[in-house]
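Look for chain A in each of the two complexes below; its partner is chain B in the first and chain C in the second.
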Partner chain A sequence: MTEPSKPSKAGRWPVARTADIAPGECRIVEVKRHSVGVFNVNGEFVAVLNVCPHELAPVCRGPVGGTTLPSPPGEYRWGRDGEILSCPWHGWEFDLLAGNSLTDPRVRVRRYPTEVDDDTIFVVL
Partner chain B sequence: MADRQFPRKKQGMPTTLPVIDSDIHPTLDPARIVQYLAEPWRSRFASGSDGPGTLGYWNAAGFHQADAVTDDGDAIASQPETLARLFFDTYGLEYGILNSESAIHIGVGPDMTFGAALLSAMNDVMANEWLPVDPRFRASINVGPSDPQLAAQEIHRLGDHPGMVQVMMGSGARIAYGQRFYHPIYEAAVEHDLPVAIHPGNEGVGITGPPNAAGYPSSYIEWHTTLVTSYISHLVSLVTEGVFVTFPTLKFVMVEGGVSWIPPILWRLDKNWKALRKTVPWLERPPSEYVREHFRLTSQPMEEPENAQHRKAMLEMLDVEQMVMFSSDFPHWDGDTVDFAARSFTREQRSRVLSETARELYRLPSSTAPAASGMEQALTYD
Partner chain C sequence: MRGPVFDMPASPSGWEESSTQLARIIDPLGEAMAWFASEFGGRCDGYAVRRAGDHARVRHAWRDIIVGSMSMPSAVIREDDAGTPPSRWRFVERDPASCTMDWMPQGPQAEYWRMTASINDAQLSLAIRVESSGATPIQTDIRLRLVLASLPDVIRSRSSVLSQDVEMCRDYGMTVREQQAGIDLIVKSSPDTSTVLIEPVGNEFVCTITDHQAQDAPPVIRPDGFRYLSVQINAR
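Right after this comes the complex of A and B.
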């Protein structure tokens, strides 16, 4: 985990350079005492509170990848590469672009808005 | 290393005849194979699940929790020091029972002369290299149930070791655990005042039968969900065959088998007993009473119904305070944390589940361990 960031202006926290986080990767930062994972989802930066709603695991330490899409019995269709975060403890899958669990839309990881200025990524919190 | 030489001429083989070899075994590079696989098979194969080995099911959640590693990337549970520091300390455990991975699979191998030797070696590693490291560690004596004589020998060898607190076997078995075949194991365990435990995961492995009564499940979710059928089978077998009549001091621990299925199975068992008592005349009481007295259950994996009240209602039908003991299953993918488990039991049940039932069963002395950080967290929820 990196050192706490200094605010450049209220509610907008610089957390990393865009080049620091490659597509598919995550950097875990601390913002206002919250552990937050900043993901590069195919070029879009997504910030997620590092707490799983299930048993409070550090969800952002889980693998990011694709998943199996809805399909008829016995068929497999793969997709959404780089968009799905799986909790490291129990494997619950979350949609990084929307925040919801893939099995229950009411179960969500907490997402924060991000902004990119020049090559700096900000988390709005 | 130099290439191997093939001295064809020296061995006097005719060189003029064409030769066709009808069976040669190349080793294909897994890194090349994965390039030809489509998803989701590519992810599955790359994660190490490459088909029928143990059984070949794919646990897409990963067998170990992905973050159960040190900063250096070593598995926390692979060294006693890191397990003590990064798990026992974190959750403030007073004691923990160590059940070595893989032992239940070895216990159902076809060659138990080797299997028993291997299990003894594993038990020695535990006794000599793990238990002395931390006073909070206790362990199970792993035995192979398919050779009860060898299993009993191992129980006698280690049964009085102060750190060994129970006998462990897999819930996958060749025949149900109530049968007389297993009496040498129970006799030895009782002699050393050790409970006998079973743990799931070897269903369908080695010389066990198919993983469930319908045969071979296709997927890990099917296999894992139906593991409970082993537990139902063994529980009913142990009671109806009269094991607890023969061994009245025996305690049987069902580890990781779930909890909420027990009340309705006991209703069914008691009802059948009223009509079929004459087939099991050695039972002097309703079967459910033997279960309450002799069985202990570990809590994980906690069932998680949509409405938590439903689970509470199921637990009211069970003697939770006498029967259920907290377990984390660390570092496996379906584990429960202390705080999550604690919140799932009432205040009255909590101290029994978190420590006291296990303390009685395993005869663990009270220590003055500092209050558990996980427990403090648990107590702030209700």
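Right after this comes the complex of A and C.
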């Protein structure tokens, strides 16, 4: 876990360079004492509180992958690679782009806004 | 390995054997935790803060009491009409630090209730918003009752009614502050006067909050208007 430098302005915290986080990867940082995972979701940077709503697990340490898509009976389609985060404790899956659980959309991970300025990723917290 | 927050039971006291689904929310820094039961009227059924490495329960309720009577001390977000099942509260969504519940009336009423709760920096925030979507004014009022544990470090005095310091609030119309040793309760309401009473009941304190003073003359929400009541409790 890395400690970011001081914010350049209130509430906007630099956490990494864009080149530091490849698509499908995550960097866990500490922002204002909050543990936050910063994901590169196919070029879009997403910040998630590192707490699973199920049993408070460090959800951002889980694998990122895809899921099965709607399909006719007997046919299986795989898609959305790099967009689905699985909790390492109990396997709860969350849509990184929307924040919701795949099985119960009412349960969500907490996300924070991100901004990219030049090559720097900022988390707004 | 535990999570980055802190080790707390999945339910508050008295709910361990219950099959009731409780929505648990936590302070992202691990300083506090609260539980909500949408199937029992959207109640807050527990609120604990961390003190010196231990967990102090500031607000709690027991399921057997709640099942027996919806008007018994608890965090009654909205008191349903007599004989009306409380199941009309609907759990909307939650994330680790906040949850939202809605209430829709059965019948021709055009009012819509939304309760949101969140914890940040150990402060529990409850907000209730009532909207009117009808063509005519409706009468309603917002009430909220909390049971605060009489922990020595939370509330030391057992005086019957605490004094109030009322000041104008630009955003909502009125702010009421209660200052006690170790607890800070703030109520914001729109647009009428708020009242806050804290009274001892046994070893606990009941905090009753309404958004108007005249119980027999509930306020009117104009068509497409709304009323708002928010409460923040910081007992760290």
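Simple rule for what comes next: the second predicted complex is superposed on the first by the 121 of 125 C-alpha atoms of A that agree within 3 Å, B and C clash if a C-alpha of one lies under 4 Å from a C-alpha of the other, contacts with A are read in each partner's own complex, and residues count from 1 in each chain.
Basically, a contact is a pair of C-beta atoms (placed from the backbone, for glycine too) under 8 Å apart; a residue touches a chain by one contact, two chains touch by 3 or more.
It should be emphasised that the depicted structure is a prediction, and the values quoted were computed from it without experimental measurement.
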Overlay on chain A: chain C relative to chain B, clash or fit: clash
Which of chain B and chain C A:R108 touches, first, second, both or neither: second
Which of chain B and chain C A:Y76 touches, first, second, both or neither: first
Which of chain B and chain C A:P58 touches, first, second, both or neither: both
Which of chain B and chain C A:G99 touches, first, second, both or neither: second
First (chain B), second (chain C), both or neither touched by A:H90: first
Partner chain in contact with A:P23 - chain B first, chain C second, else both or neither: neither
Touched partner set for A:G66, first chain B, second chain C, both or neither: first
Contacts of A:S35 with chain B and chain C, given as first, second, both or neither: second
Segment of chain C that clashes with chain B, given the candidates 8-16, 80-88 or 206-214: 8-16
On chain A, the residue positions that both chain B and chain C contact, one per complex: 55-58
Chain A - residues contacting chain B, complex: 55-58, 61-63, 65-68, 76, 78, 86, 88-91
Chain A-touching residues of chain B, taken from the complex the two chains share: 38-41, 43, 60-62, 65-68, 333-337, 339-340
Complex contact set, residues of chain C against chain A: 1-5, 10, 26, 28-29, 91-98
Contact set on chain A toward chain C in their complex: 33-35, 49-53, 55-58, 99-100, 105-110
